[in-house]
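Two complexes follow with chain A in common, the first pairing it with chain B and the second with chain C.
Showing the complex of A and B:
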């Protein structure tokens, strides 16, 4: 642009400082200079403060390095057999927990999703359902698990309840968004035939959101397995329990085996769930 | 779709063939049977007496949890500040390593599709498949309890997340802009800086803030395995059954999560 006018001058002198100053530059992200520099300064101050809180005990880290190496050497070879029964037990708990909680969670999330769609539900119902979703989504699964373990005791039931509860918020929110985005004309057409509310759901709305419903269910099944692998840390059963125990006993080769199993199953879940999602969408 | 002829010569429309109907029902039956079998397995490992007792226990727990011990908050500001720092520094760490990884993994920017791309994809998958709590569990063994383990755990988990979403964004860019920049005679780094980066910048900023929001939630529980932050106070309060303190911690976590969610929603609205 303006730099082009001074091009001949550059040809003679090699570098033209005046032209370089006039050359086009991309506009900065934050237009006001004082705000821009205030943000930079704030970020710098925060970085200094935050790194200051990071107390690193290098002596302890060096000591731990040896244990870390022992943990790494646990991977060569991992020990699947000597605690095989425990691993199998934890794995079965995790898998059963995943299946049941996904089914229960989806079954409960569908009514909540219908209630949380502004185009289907009256305002009071809408607000109640949105509140349910907000509560379920705010807390980490682990924190909910702590409460459930305190209520129903140690074991996979607490994990199952936790995951079901977390599934409701996740599924209902995303499904409600999809229901609100449907083509209104199709629902209108079904309603015009004199259908009841349930017939409207079955023929006007379900066909439009079915791909999304199936995709989300597959995705949530995948997430629930991942989460079931950590719930054991607070006593809610599953393979996380086995993992935690093996760490506590310094059986790093067993821990390595458990980690490998988790990675393999998570990968299998992820690929199958993304395959299902591609298939239906 | 299946059409069958009636006796009077009319046609009946059905959605599926009888065989198809049967297959669908068999599918549902199998799903129900699997669920019931799984529940049976869990039920065998549950002491139902405790569960029937749960309403009483729950009421008792609520009774113990309220009122929260407000004065305990004074001891919580420092751990809460640590929690926010764990999430933020972890996100920064993830960005530092995740961005180059994304450029190595995207098929239109990778230096080598045959050698570099599979390695980058493997790193992304390995990082994503392990929960940050498990990363923390491992790192606490190596580094000792403390914030550093937490920051690294959050960072290791987030690298995969950021790299995956960013490389998908890079693969979806508009190729004509890249072509226009390279037509001016730009070198490879210049094409990257002027043709690709401006296109993925909004997506990158959005997903970084999104991950930061997730990391705040995750950082609140990392302390359960000793990786610093407010979770450590949570663990010690639970261990001594100090439920009013637990409630206080929950209230603070709730507040922090709501603020971070609001903040990230605001920032994402501003940039996208």
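Showing the complex of A and C:
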């Protein structure tokens, strides 16, 4: 209060701070007023028109609701035992698929990540590695799985290849971002000792990105299990296959058991991976 | 002990060194400099004068655009990748913000000075020769950090970290230290301790050093020879006592230097009394 009060109303330059304060507004997101109102009006008009074209058949929806309830009631009680062997087999297949594809995917993603880091790789290598990442990330796992099923046939091999391929794009992109964010001075200091290129990676760069590498690996393991449950729907093996089969045979109680098992494992993966990530940060 | 008087006995000889960055900035403009063995030299100059670029051109962390760098009779400029790595072992570098690998331990950071002498897998499994580990412990004990060997580097204070940074450079068994603003992030007392330690260690191991430093008083206090750099050219080269108001104006531009010079003299007297 004292500091503000002691300043004269008008400074030496004749600037009126009080008047300027009254006139001041935070600058708008879009500077040009005509453009700002055009965007607002356009958005509003679009929403109105979009709602206008929506056709809802309420009678059909009510009928579906009733059928849905019947369907859900088929889930109870879940049946773990009558198809127990199939469930166990699918589960083991999924878990194997998850672990193998995560390990292979991470092993392959590390060199790609190094190549996709602008501070390590020369431009041609960088572009090639970024292209690999882009291809891997462009297609959703299901699409890749369909391609691999067509190539190697039904079963967990196709699923394993799909998840490995998807892991490369995911890991390499995020790891490369972390490598590009390292403190350059630490790497420079290691280089200045006369270290070789691989020693620079092991001593100057790996210690800086290790927490992220471990965290991302745990996270990807978690994602790969969830994906492996979906991939069965297109014939790529695993617990998803079991789930799909039980729906096809109208064995909703078995399907419910499979869903519960998936939920439990996903939760367990989720919690352990977030615990690991907290530990290494 | 002027560099140009050292004649052919110079450890480091820089001839016509220029560096133009891709942005077009001319950081170094035909620098000639000779450093005899065992000489501790301070390189002063305003920010952007090219001090960092100069010492980075010596070990080619920055590629010079033109000119020659010769260390101990070996021309560094023009060496291939493998030969350059071997040559870098003879040049220890000490950094402004310590540049320790923060997530490695103190011992690992000190031992990283031996990377140029150690194979990849041996260094991956931290299997350094017993001799190196013994030397690391001796040096850690010399600077009072032997108990900290297994602490992570980021658990140390600024002064302690810079000591580790100095030891990493010493582990290379260098002939020359390239020191980039060693005290920039330290308080005045720690700055003086670090500078004193640097000078002492250089004497003990017979090392020459080029020390980039902002603080003129520190430079005058600890280095016998001072080189002033301005806009990529050497504008002063002489003993610390010869660095007067005129020389400072040549390096930094017009300013009232009387206090700076007096404070440095007082520091020297304190030093003598202590």
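We take it that the second predicted complex is superposed on the first by the 210 of 281 C-alpha atoms of A that agree within 3 Å, B and C clash if a C-alpha of one lies under 4 Å from a C-alpha of the other, contacts with A are read in each partner's own complex, and residues count from 1 in each chain.
Please note the rule applied: a residue touches a chain if its C-beta (ideal position, glycine included) is under 8 Å from a C-beta of that chain, and two chains touch if they have at least 3 such contacts.
Source: prediction; values computed, not measured.
Look at A:226: by the touch rule set out above, it reaches chain B but stays clear of chain C.
In the overlay built on the shared chain, the residue A:198 is in contact with chain C alone; chain B does not reach it. Look at A:185: by the touch rule set out above, it reaches chain C but stays clear of chain B.
Once the two complexes are overlaid on the shared chain, A:61 sits against chain B while remaining clear of chain C. Once chain A of one complex is fitted onto chain A of the other, the partner contacts of A:123 are absent, as it touches neither chain B nor chain C.
When both complexes are overlaid on chain A, the residue A:71 reaches chain B alone and has no touch with chain C. When both complexes are overlaid on chain A, the residue A:152 reaches chain B alone and has no touch with chain C.
By the touch criterion given at the top, residues 59, 61, 85-89, 91-93, 95-97, 99-104, 108, 112-118, 120, 123-124, 165, 168, 172, 178 of chain C touch chain A in their complex.
Chain contact summary for the complex, chain B toward chain A: residues 31, 34-35, 38-39, 41-43, 45-47, 50-51, 54, 57-58, 61, 81-82, 85, 88-89, 125-126, 129-131, 133-134, 137-138, 141-144, 146-148, 151, 198, 217-218, 220-221, 224-225, 234, 238, 250, 253-254, 257-258. On chain A, the positions that touch chain C within their shared complex are 183, 185-186, 188-196, 198-199, 202-204, 207-208, 210-211.
If you check the complex, the residues on chain A that touch chain B are 26, 46, 50-51, 53-57, 60-61, 63-65, 67-68, 71, 92-93, 95-97, 99-100, 103, 138-140, 142-143, 146-147, 150-153, 155-157, 160, 226-227, 229-230, 233-234, 237, 240, 243-244, 247, 259, 262-263, 266-267, 270.
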